[in-house]
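Take a look at the structures listed below.
Each of the next two complexes has chain A plus one more chain, namely chain B in the first and chain C in the second.
Now for the complex of A and B:
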């Protein structure tokens, strides 16, 4: 015990009066802290096959080999080799180590942020089972601490912590939308109701760009007799901390959701449609805060499919045009929500055609993982979209359906950029339009 | 099936004729390179070699077997092997797949042996009643399996034994081995024999061996049992998806307990993963869907010699068959101490790294703007 205390005394960084700042040294310490059993196993298993490149839309659509996923991980790999392997230590003695420098990280900033949406397709195809997306997430921890995160993501994280929304949105903006919804639907949007079944969380994008989403769930929950509420304490649950790659920021944002859910004593929480918000709160959350949730987390699509299965959603009429669907990476590949959206599609669409690669092997829209909050990455984001575009052209639908606000925005912008007149609709909204009217 | 005359056509031409795109072809080459752990820079070399290669004539002999190996091969999956597998080679003789029957079928074999003497490949599935067994135990077209094998391999370039029966004798050779069954490598001594074991083997391994042969003009590196190292170099256990549970000492005790439901290690239920070498855990089955251990059943060790006679399928590998000596305990203790020391030192390093990590504040981030 006493030895442990001593050891800690020796290693605790000194916090003096000068304002702390993000430095290379801190970055390297953060990289080191991210090296664990899986990371060591992954790096020592890599057989340099390059198959991850074949899975990456950023590499495929630019053809630039620097976008090979495993190369994006070079800073983390060097830290692992230098500090955690015998060979690296011997190299160190001989002065042969390749060091991670500030210049290197400057160069890698583009590789780790601009050219990666953490879609996880590379992790799926790796023949030795390396989870590359996880290591990108871990590498970003080091990048933030070294002061090499993109400005757009830093600004979003600061706004998320200070204002509660990465876009700087406040409750009063949502209040305006709530009033619109109440007027147009004739239904009440419950706010701060204790003891209901679901706490519904939103993303700023849904509030600003797609207010019809809130109207849709208001209608569906009224139809199915589900009790729910919004919370003034916490209405936003996207997690800029996950995208920039910092667990301290990310944990604070998760704590807000937990606090709001506990105040309202809800047993279930519905994440925003946004894919990364869902994985953040559904999968990373309890690990970030270091304790289990007193509630369960669902994506709206999971909830709707459960209502469908239990016969609580009655629909009428079918969409007759040719529809296809984009699976958000975080929902399908990372969380296994694949059948649910298809069940719902079949409920209301009679001419639904799958993209060739869909479900867990779908292609990313190119905007996730913080790419869309990083203005500098715009050209790369559009380049990566070409993969999705080619997929859409293959089946030539009249409309695209999806269930993530970021994917939807990217699809709309991308299709417009390439002059393809294919509207994009949200699945939840489409279900709401087909509800059997109550007398 | 391809007619023998198309053997003169290059593989590139044959694929184009079949409508395989350049892209599909390159993907196949890249996937093959990675499967065999060759560097990506080899992909163009593989493509160039395959493009120019004459499809080798292949004679497939089936002896004491259940056709499971052929079933496995014809159900091979990505990357589009189902189309490519038969285009890679000129399969001139195969009981199950060929259209010809009777004398015509046997003539096809003789024709191939004559036209491509010294160049054709022989693939064998099934074990063979040995030279001292009753030749009538298994015959094809009136020839005993032994005679047919020896006659066919005489002028072959190499022999690929497919499946555990052909490689190690398999089920027919299990005790008491009533037919005197023997493996190909027991009988064929003067030709190179490559063993692709497994019951059935992974189809991509067969393709991989053929591609390697076409590209480099020689056979791949083999292990002590003549199996290609690229596929049989690592144990099932080392690549198992349940390995983390083994490392943490979490074992399912029965097939329906909590541990089984939580996906814990199947070691105590008799998993032979630690002593079995095969690529199931990484390549998986049925289009990469799953594989036995992932599906909840212990590995039987079907790619290992004499796996039928290696004790019960559901006995744990380390359960001693005879009373264990103190030496074993002592060795175990030394191992545990050494392992523990390594683990402690690794943990220490990680702990130290964690204490060095400083939390990020929003002010620090803001200073960067």
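Now for the complex of A and C:
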């Protein structure tokens, strides 16, 4: 295979079809494969009330009604109506069906990728209960097969498959970082160690932008007496296949984690300070490979809170400045990790103020769901950030705390763009700074 | 007069049977389509069960979260008013109860007629407000289809003819009563083929939503 392609041939070619018709047909087949009971219930129930728009930062901050969540799902809705309802079939006989065309999908590419971070907020407010974010995720499977995925995400997926990292990062880069951490902390970073409790995964974004994280967990785990390891076989926790919407690629990437965990015989795997990686490996992973894992998966924040609750983390001193916190969508609303980060904040911060809407009703930073890997979407990403910015301005903190490398990068870039001097810190690092020194 | 009487008898007899049949079969097919599609087995380790959170969301989604309420108070309040108004009149107006009793044997106390009349008027005004909102709010305008307007017209016609019949504002009386019954029958016939299905499927949708989030430890 000289060039990696994302599309998988699911149809038998017909002799007289042109290549682009074949691509569209393959796309429609992929859309069809995503229709299930929930999708049918959701589309059957939509009353076109427009409330979902009030949950979407991309609509709210641009004011453009084309970014209304339910509208983003029109291709999937048409496939459902045409092929899965009696009414649609009757319409078909009468020639009244609305078809999904290649032109339509070209137009919808921006709606399904650039203007949706799959934050899931719309799924929380739709009065009839539609899980719109789930349907966006599903629609992307069809878009990839129809040849309508953004360049940036295709490139990231190809890099992830070829090098193991969506950013093309190699183990030797991580190796250099490991050496730095060992020198500065005087501790050893375990690599390929069998039979330990945790396999620790990282995200490339974290390795490049926030090397502090690796040092922080090295210190915390040493302090708490936790056994852990990195794996040279697989260090990347993120899954570009999920962001773009390609199950085959996504499953391959998950299999790599499973293989690494099995080689090292670990019972638990830790997903890093990255929200996307966590939902990918925790919730989608087993379904992508079609079987349960032989290990359990935790977000680092869950592990730290566990250690706190069992008294294995001893801290001293408190942060005294006014701190507020950004909940990553994938961690809070989409994975139920909400109290843990607050417990940890209260352990080390005495002046912690919540953003007004937080936890499961937090607002997205604007960068998730592949938006940040899609260069073309940069203006929309910054527009969506304005919602977060307004929330931050409301409580006026001296620093922001978060626990996702993508959110953190977006917050830093966004705050800088608007000349707001509010540093952003990772929660894990902040905990590491307060550990009681061992004697 | 005799023509309008015949019309009324037709709406109460043959047309009623046609409407009920189409409604029942159509709705059954629609729900079967949903249920038979089902869901794939979920292999991810659950944080919590699905049933309880699913059932909870079936109820809780009826009320908007505070943030959404603040951002779209008109949409939320008007929606609430006309849904409640419609339900009150449908279920607590004496002749409606009598009809339900003749079909099912079940009955309950009715609200006094003046209250029903007031509620009907409020419902009509709220329905008009939803139409104006649909035609003026940029999001609603963008996502609205012909179906939305047809469904609106039918629902409005049902309430309006009922109100006109109650005040006997159209003569002869059997004509307006027949029109009211016919409008309700058209609504029944359209129900399985339009967004009116949400009367039933919204609860399935809410359950799926609550179950999916609940499994991950979030009450949606």
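Operating definition for what follows: the second predicted complex is superposed on the first by the 417 of 439 C-alpha atoms of A that agree within 3 Å, B and C clash if a C-alpha of one lies under 4 Å from a C-alpha of the other, contacts with A are read in each partner's own complex, and residues count from 1 in each chain.
Convention: contacts are C-beta pairs under 8 Å (C-beta built on N, C-alpha and C of every residue); 3 or more make two chains touch, one makes a residue touch a chain.
Remember, it's a predicted structure, so these values are computed and weren't measured experimentally.
Asks: Pick one for A:334: touches chain B only (first), chain C only (second), both, or neither.
Replies: A:334 contacts chain C only, not chain B.
Asks: Once chain A of both complexes is superposed, is A:86 in touch with chain B (first), chain C (second), both, or neither?
Replies: second
Asks: One more residue to check, A:226. First (chain B), second (chain C), both or neither?
Replies: neither
Asks: Between chain B (first) and chain C (second), which, if any, makes contact with A:420: first, second, both or neither?
Replies: After superposing on A, A:420 lies clear of both chain B and chain C.
Asks: Of the partners chain B and chain C, which touch A:157 in the superposed model: first, second, both, neither?
Replies: It touches chain B, and chain C stays clear.
Asks: Thinking of the overlay built on chain A, is A:395 touched by chain B (first), by chain C (second), by both, or by neither?
Replies: Neither: A:395 stays clear of chain B and chain C.
Asks: Should A:104 be classified as contacting the first partner (chain B), the second (chain C), both, or neither?
Replies: It touches nothing on chain B or chain C.
Asks: In the overlaid three-chain picture, which partner chain does A:51 touch, first (chain B) or second (chain C), both, or neither?
Replies: Both chain B and chain C are touched by A:51.
Asks: Compare chain B and chain C by how many residues of chain A each one touches, and report the one with more.
Replies: Counted on chain A, the partner with more touching residues turns out to be C.
Asks: Answer with first, second, both or neither: which of chain B and chain C does A:353 touch in the superposed model?
Replies: A:353: touches no partner chain.
Asks: Give me the intersection of chain A's contacts with chain B and its contacts with chain C, in residue numbers.
Replies: In chain A, positions 35-36, 47-51, 54, 84, 127-129 sit in both the chain B and chain C interfaces.
Asks: Could you pull out which chain C residues touch chain A in their complex?
Replies: By the definition above, chain C touches chain A via 26, 29-30, 33-40, 42-45, 47, 57-58, 61-62, 64-65, 67-68, 71-72, 75-76, 79, 134, 137-145, 148, 192-193, 195, 197-198, 201-210, 212-213, 216-220.
Asks: Which positions of chain A touch chain C when the two form their complex?
Replies: Per the touch definition, chain A meets chain C at residues 35-42, 44-51, 53-55, 59-60, 63, 65-66, 68, 70-71, 84-87, 123-131, 134, 282-287, 289-293, 296-297, 332-338, 357, 360-361.
Asks: Please name which positions on chain B make contact with chain A in the complex.
Replies: 27, 30-31, 33-35, 37, 39-40, 239, 241, 282-283, 349-350, 352-369
Asks: Note which residues of chain A are touching chain B in the complex, please.
Replies: So the residues of chain A touching chain B come out as 7-8, 11-13, 19-22, 26, 29-30, 32-33, 35-36, 47-51, 54, 83-84, 127-129, 144-145, 147, 149, 151, 154-155, 157-158, 161-162, 246, 248-249.
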